[in-house]
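Next come two complexes, and both contain chain A; in the first it sits with chain B, in the second with chain C.
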Partner chain A sequence: MVKVVKSPKDGLIRSAAGHLRAITEVAKVVVSPGTITVHYPRERRKYPENFRGMIMFDMDECISCFRCAHICPANAIQMYPDAEGRYFPGIDYAKCIFCHFCVDSCPTAALKQSKIHDVAYRDVDSMNVSPEQMNTIPEIVREDSVTVEYDFEKDIQLVRKKEFENLLVEVEKPERPEFKAVPQYGENCIGCRLCMFSCPVNAIKSKLEETKVILETDYERCTGCGICVRICPTEVLILTPIEREGDHQ
Partner chain B sequence: MTIPKGWVSIEVKELEDLPCLRFAEKPDRRSSWRLLKEKVVDAGICSHCGTCTICPVDLIILEDRPLDFDPKKGCMGCGVCVAVCPRYNYVPLNGPGEYTEALAGRSKRFAGQDGAMVSEFMAAALEMRLIDVALFVARDEFFRPFVVHVRSADELLDRKVTGTKYSFASVMPELHRIIKRGDRIGFVGTPCMISGLRKVQNKIPLYKKNVPLAVALFCTENFYWHQLYEFLKERGADLREAEKTDITKGNFIVTFRDGSEFSIPVKEMEEIVPEGCHVCQDFSGVEADVSIGSVGSDPGFSTVLIRTPVAKKILDFMLKKDYIETGKAKMKIVQKLCDYKIKIHPYPPKGESEESS
Partner chain C sequence: MAEASLIFILLERILSIFTDELINIPLINPAVEMLLKIPFLNVIVAFILWKPIFHVLILPGLIGMTLVLLFIIYFERKITARVQWRVGPKEVSRRTGGVIQALADGMRYLFQEVIVHRDANAFYFLQFPLISFLPVLLPLLFIPAGGTYGIRTIYTIPAALALISLIPVFIVAMGWASNSKFAYIGSVREAFMYFAYEIPFLLAVVAMIVLYQTSDPFEIVAKQWIPGAVMNPVAFLVFFITVLIATSRLPFDIPEADQEVAFGPYVEYSGIIFGLVMMLPYEKLYLLSMISVILFFGGWNGPEIAILGDLAPVIYLYIKTIVFMCVVSLARSIYARYRLDQSLRLGWGVVFSMSMIALIISVGWMAWLRL
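Right after this comes the complex of A and B.
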């Protein structure tokens, strides 16, 4: 069914009332402007704590587990070796889609979100940042002195506060028992030593005895990254939570 | 809880005089796989069973051609390929082997190559929850074999999944791929594949734990798919039109969708019989839990040799559920075929013993 809507009839009173309403509205805006524009960069919008901005990295927390690099759907994370052969993530912001899967997957909160979203790069190459660069706060020029929040209670309104916002987010270290790669099923070991070669902190040592390979894990070194567990073809090693008290070897 | 700190790998006796190979300082290009290449593949006795594809760095390539290696991958020298190869230090197995019961059987539920007893065994084992998944060999529109995971009995109603494909299939690589998942796996294969499975099970307990059921198919020889396809095509039989392939009474028979048939004596296929089959004497799969074949029972029935308690348990379950119809197996004929295979496949191969020394 089609409903025909007739245009209202023009009348002198009707158009006069309409004009009057428009003039009042203009007068109101002149006296107190009701725009919802944030005057960035002099003002800055207050973002929630879980805002998906540039990603910060704390090298001391990282256990080189590669989870971030594996999960990244845009393939934006590359793992860079340091002088000792340990690997740390660097993000290519030309590829990153700011999904923060890496942040969510990091077991140690070595990767953290921040509220920084306004970094300009000189060229595409410099968007590929190294682990060290991610360790420090990206250089940005702050001109803002006012933080603006939206108030949705009645109508959309802006609430301005003279406040300088901290763009870094403090993240609590997640509750996580300490894990170690424990040879639960040593009898399955084929002696390929892939675990040894793949361990980023050289926690696994091996020696040859006749036609057997003898392996040993140094739990002091093992960070529980799980790389050896994943690579072992016969399920010898299992990531096992370790209780700290009564730490008998 | 005490936490073990050290552990010891399996022994690889085969590397006794060459332990350095097992312990290269870094992944090596000249390591243990050479032993396999020299003593098995180049010696022409590789059965193409694929057990060696356990290689942890995927250096060993099993495709529709003789076994190949990719030395660029950097051998770890572990020697596990040598340790599990049933043709390394080869001692042929033969005869009908030990069995506790021999019968002819026919499934009432499935249609297969003969009596569909292989399918029935796997379906019953799935229902009994002895296994979680069975590895079957299905075929594509070119009659090319590929491996499928069967997790329930209904999947076996698909006639492309049951029935024999006379070509090497990559069941072993698939087994290695899924062994860590923790599923209990039902394994079906030719006798050489069963020998490989047993060898890897004896070395690595994980395989024993996760593969509780192994079914062998009677086998005289197998083929490379592309060679079989070309061979038949040259003689006017197009496998794309085929519904079934079979070997009966010394003839290779292709049945087409339109009902017509093509037949050729297996003797004339000599040129495409792979080298490794020429030294194989195991017709009945003596190391399996149960061996199943067509020889020795009436058309429409499969011959079943029960060898271990687990197979017996499944048989009793099938009988109790009335899933199968049974008859008598003619073991004389099976014995004859076993003897015949020894005769046509001598080991060491005739006329080669002088060359090699």
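Right after this comes the complex of A and C.
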């Protein structure tokens, strides 16, 4: 259906009323403007706990499960080996899209979110952050003493509070399952025994039965470091969480 | 020996010319009397405090105008920002809210290179911004400020307006000397706008002169026991709109439209020369505001302050002028921009007929008061 809208008649009274309305409106705003600018370096907007800022990393918690690297849609996470051959994630912030899939996927909360959103790097190369660099909290220069929040209740307005916000978020540690390297797909084994040689605690043993190599893990010794899982060319070994009694009730 | 005494006699003569018309400010009188006893220095002090020089150089004149320009640019940016829910200039001198922003910009212009591009007519290109101060400062000689005045004639208002009307000529000339596309468009627009506002503007002033039956500001101000804006509001409205057009304030910023022709006639200027030409509309606004205050808001009328003596009326005029300028600069946040054809139609249509009505109202007042 077409609705015909007539243009309002242009009269002297109408235009005079329009002028008056415009002038009173401006006068009203001049007296009390609704400015909602956050004076950023001197005051900071209060962000929610789940704000997707810079990603913090705790190396001690990491179990080298590679989930972050696999899930990263921007291919920004690369796993770097350390001296012991364990792999830890390093994020290339030039690629990172701050989707925080890695943080969500991390089973031990080794990767966690923070409210740091203003990071500067010297050049593009230094944006590729190594695990060691990720492990340290970056130096933060802060000039703010006021935290600002938007109030959307009535008309949008700013609420300023004199408080100093901690940019690091404390995340509740999930109960960390203990992982062991289990030779789950023994039929795939090609007998290269790389796992055996790579194990730092000598937890993997191999037996030769006829033409087949049977792998066995000493679960007492295994630390679940995942080196053998990573090194196995045919994915025989799988890191498997140990199900204790009473876990699934 | 004889030569030395001749010089002293000459100096005495010059001093007596100055001291005849010294501005009388009781607040600084003891200091002035002390300084006048010192030979040689007394001539300089008397020269500065001589009414015409004080008028043109110090209070309503050059120094006062510079202060107003620095303030009004800051004020305009700040008030526009306030209306638009922004913050405006703040970072230069945070404690005062950025008052010296315009001064800082001026300093920056001083250290910037003045580029004269190849196609420009270099001689006129650099000359016009400088000599455009003539039509800005000469009207100040005619516009009196109560206590001080430059030249006192009964043709003050026509003479001042004639000199102010020269400013668009200089702007058009600047655009011509720039020899660039945008500058050309800008100067053609400036010429168009000149035709749009000048006739209603002059008619509004003529209406007020008819109302007061004189063009001597001293008499005009003395006659305003009711402000002229109340006596003839139509003339005031016409004057206000034409001031907006004449000074390229925002609803009518057609010649120097930033978003279309990038500052129009001034597009090729850089450095301190750009600073000078950018000030031109503001200076024009200052002059027109002074005339408007004299014609419509009782000029330097106000309660007498004994301690300031001759300075009090000057300060009244100055403050009223600043308030008027502030109101004019607020107009940019109220109205949307006009197109060239729209403002030409406005100038020749509504405003022109309003100015005729204003003239009729003035004649009516005159006839009624004569009865």
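Everything that follows uses one rule, which is that the second predicted complex is superposed on the first by the 175 of 249 C-alpha atoms of A that agree within 3 Å, B and C clash if a C-alpha of one lies under 4 Å from a C-alpha of the other, contacts with A are read in each partner's own complex, and residues count from 1 in each chain.
Following the convention adopted for this analysis, a contact is a pair of C-beta atoms (placed from the backbone, for glycine too) under 8 Å apart; a residue touches a chain by one contact, two chains touch by 3 or more.
Please read these numbers as outputs of a predicted model, since none were measured by experiment.
By the touch criterion stated above, A:60 is placed in contact with neither chain B nor chain C.
Between chain B and chain C, B touches the greater number of residues of chain A. When the two structures are aligned on the shared chain, A:49 is found in touch with neither chain B nor chain C.
Shared-chain residue A:26: touches chain C; no touch with chain B. Shared-chain residue A:240: touches chain B; no touch with chain C. In the superposed pair of complexes, A:39 makes contact with chain C only, with no contact to chain B.
Look at A:10: by the touch rule set out above, it reaches neither chain B nor chain C. Note: no residue of chain A belongs to the chain B contact set and to the chain C contact set alike, using the contact criterion stated above. Residue ranges of chain A in contact with chain B, taken from their complex: 180, 182-194, 197, 206, 208-217, 219, 233-236, 240, 242-243, 248-249. Chain C meets chain A in the complex at residues 79, 82-83, 85-87, 330, 333-335. By the touch rule above, chain B contacts chain A in their complex via residues 1-13, 15-16, 19, 22-23, 26-27, 54, 56-57, 76, 78-80, 83, 176, 179-180, 203-206. Of all the residues in chain A, the ones that touch chain C in their complex are 22-23, 26, 29-30, 33-37, 39.
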